[in-house]
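To keep things clear, I will list the structure first and then write my remarks on it.
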């Protein structure tokens, strides 16, 4: 996409869908999508204990330049997640409390950024959730065009505007907009299955037996010994 | 050791020994062992403020495959530490709240894993302590055999089943099973010495004087100047 | 500077200056100095929520050897920041609760170290603030001479004894001693400007309009489309 | 895309197009596309001095499992580039001389893999070009389904089957299949401009003057001093 | 093992065994041992094109201190590999052309070191092979005791004195002394199998068919489509 | 220093001094300066086998912006080394064959840059030596002011314009301009000492005996055992 392209609109999911994805959490949603959609594990929350889901307003910026974030604010609506991708590896502090104040006034739910953030004490006090590659006080300039609401690559994932970003203490996962309903169906199945399994595990039953894994392990040659010495002699 | 080897038993230390090692903490135990046994500093707790010690139930897995963790659960006893080594560098989320529920039902004290963990909000809520290489939502498969309770290399240390794992906010240290008593003796000496030293330092006495370091420093040529200019002119 | 050089004295700022720099915080001070002076983003606090400013007592040590830290304690005064640079990349735990006790007795405000620290649970309990490259239990020796209160390179910055170290949850920034007053003037201007801007942003006004960025963006060719399809067709 | 999806066909560019992109090289093609399409700089050739361009046969695998590479071979044609993406960070040696022999028999031009390779001495002797994240002897398994010829994320770029992969000693860049002709037009313009500029630079003319940068620099406040002392006094 | 322990002797393999392991190479030996024994992939040769195998004379040093390497030289015999482990992460240049001259005079085959080396231009000219974690000019001291010929952890592997170190452009693998003969038997089987397979692959036969993988892939649900569109519609 | 400061002049060493430092090489010069002045080991040559020394023309740029390199060319003279520092961690390809052509026309000896370079195949063909943090095709912009010939921090070292940069396959070391003569004296002493020592080592004498280290080792408690078993029993 040509640099300097700004798209004003994006599709949005229902509050109920977002709420259900947020409650399910990153690991479950990732599994429900066939183990896909996960951002690189270097994406971490700036403070623990938050979970969110919202449609992505995407921004593409260049290293050391946060200008397009300012352009993107105009198109954010309540519940959205501002998602910032960078055209190359970068660690600068592209976002701080002023931009957070601006996003808060629009009702934005969170920021996800493949670069640094700063003013993190203020952001924590505002309870404005951020997942980022790092924390850095390094300031940025406003000199080059990027894009808003075009597809981007962020922390190893492909994100289109409107895709649902789910984030919690485990990291960040991306649900393509058109997959939301199918993902929710798989999420519900997984949660139902996990719930009954959790009870059995809590009561001391082994996962090995619940899942009937012993025959497969035996076929592959798993061998039990009473002691290490016995194993070494065999 | 041949892949697919599972050893059922391991030696275990007394609760008093474990309690004393846990109270001493990682840095002191590492010093008491002649500055050995420390895991790589990338091993971090998923939440701060916990300290544990327990005998290791060791597991060797392959990148992206957590099957052998399920096999190992069966051999855990109250107070044990489940210790997971990987045969190559890996960052996948190999352990989550279901496995933690299963380990909790066995009374396991903690997990130490040279890979990623997930469901960390749940683990924190359960107060199930984990030290890991990273946090990642990435799911794993169950396809290949590894080993249980054989010696492994974990985060740069050699661990045999039954070795005592001590972990706190400073990281993780491994005490070979047969060294526990000797280590405790050295720990006690060190703690006694540190205690009196701490009081003297708190009262403003210098470590330089308490340890009588000035003569050695002078012999090596340490030279004091009043100002930087004076030093530059000399 | 010759290894083994110790300088006894350093210039010190007024408590009012230090207090004002600390309150302004890392990101603001860095901007006020023309986006300079910031340490590498790998320097992190061992616990969140602290902000400090103090004149640097500088120490240069070698990998694995913390001897010169002991030499430096003697020259610390209330409010100082002990700043430890290393002559090569190092991750050892060079500082723990005993040294912190000693520094506390001198009234030292904080430690900044381009290496590891240990006993972090104790340091947190003492509320002794530390910014470091990492946390590691690894012990160090006392064998080689370094320097005290000579200029050093620490985490990518140049620090002379007496320079003001400002640190908070965003990281660490260095204000050269002779720039303190000029920096404070720029800080005040920036804070005044930010304050009025924050109010306007909070009320929903766009940064784009407050800063009148639209003409410049248009000149560079920024183009708005209603939908992605429209942008792709253009 | 559902795991286990294999697409047999892909669009292919003309040999003349591939030849022209290869000759232009990675940096020029990246610039011609508006500074986009570049893989992360960790992607390096296993030996220096090679440049290639070819349409991508894409493969998605999981950490530690190279099975889908074997599935993909069947769909490779002379001049293609086999491109392997992994669903999470991985460093295993997924590809060696046997797979290279198989690809060579199909006329494949090169391998690009976001993981490790092995048998690199053999690959160099065969003159089979590889760009990879690392070199590792670590073996992999054949247990899980991935995808062939579906869109993938590889080293921070989005790649569809048929996209042209250009690689040389500077790294790897991806040209979307439908952009090849437009990219070539921009490449030619850039090369023409660079050629005349190179001659002027070689003759000692300054880029500052060729590009008439002085007025803009002056407007921003660039100030020349004869000596450092003069600059410090100003 | 107590710091300061030096063992004079180690078991040694026959020249024929070493020659055969060296010829087989790292990847093959690693596979023949059930995918074990491989050092971390950060261990790289300082120049390409060498392959060696020799019994390990092990050394344990501390960060920034190479004294024990000097102690170890005395116990090296022709064909040995000097193997240096460090008690914590370190990047200093612990070894240069003087030590290489000393080792060469003893007939030592190579150095493997989990730290830095220097004088690499000289080492290349001497054709003295080295595998290391990095290259660094940083000098080290001679102040602390380590161990010689005791078991060590090196780059993620456990090495006892006398274990065979095999190294080539793929990295480094460790064969426990007592496993040499069993490993060679497995190596021969693997090489025989690979040789016939290589011919079939070179003639264009698919690995998928040679290994009869299609039924297993089909059982897991691998599905072929003619085009991406067809796959998306299914 | 204020951004936008350009200093036209710098002190320069004699060709004989530069030649002698270049011949001595990085490791020897670093030792001769008391083990100081070494850049971080991540600074690597883009091709092996070159050694240079020259006075630094310093440049300070910002991430993603190479404008000031163009400004600096004007002040380079034959034999100089262009040294580029960045105000924060950056990996972009800031320098390529056009800038190299321009520098070559001025007789510049080499580039040292704490960021990426590109067109490395061309640079190798031109035999234009470069030491850099990485290789990357990523293009940069020309938008922000930095500095020329002011003191900078580059890869962990402090460099003033005119300081001598010595670089070879071991990395890069900085000799302050005013220390050149003193450094050369120490270099000559070291080389003389090393030369006689090299002969003795080549003849099989041990460093332990040449340096008479045995008594010190014995005092610290070094203990020799014939076998590992004997050591374990002691």
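Labels for the chains are A, B, C, D, E and F, by order of writing; each one numbers its residues from 1.
Note that in this section contacts are C-beta pairs under 8 Å (C-beta built on N, C-alpha and C of every residue); 3 or more make two chains touch, one makes a residue touch a chain.
Note that this is a predicted model, so its numbers are computed, not measured.
Each step here moves to a touching chain, and the least such steps from chain B to chain F number 2. Among the other chains, the CA centroid farthest from that of chain E is the one of C. The chain with its Cα centre farthest from the Cα centre of chain B is D. If you average the Cα atoms of chain A and of chain C, the two centres end up 30 Å apart. Inter-chain spacing, taken between the CA centroids of chain C and chain E, is 41 Å. Residue positions of chain B touching 2 or more other chains, listed in rising order: 35, 38, 41, 62, 87-89, 91, 136, 138, 144, 151.
Every pair of chains meeting the contact definition is listed here: A-B, A-C, A-D, A-F, B-C, B-D, B-E, C-E, C-F, D-E, D-F, E-F. For chain A in complex with chain D, the residues that touch the partner chain are 2-3, 34-36, 38, 40-41, 62, 87-89, 151, 153, 156-158.
Residue ranges of chain F in contact with chain A, taken from their complex: 62-65, 87-92, 136, 138, 141, 143-144.
The touching residues of chain D, counted against chain F in their complex, run 25-27, 30-31, 35, 38, 41, 44, 48-49, 51, 168-171, 173, 194, 197-198, 201-204, 206-208, 211, 213, 217, 220-228, 230-232. Within the complex formed with chain C, the residues of chain A that make contact are 1, 4-9, 47, 67, 70-71, 73-74, 91, 93, 96-99, 101-102, 104-106, 116, 118-121, 124, 134-139, 142, 144-145, 149-151, 160-161.
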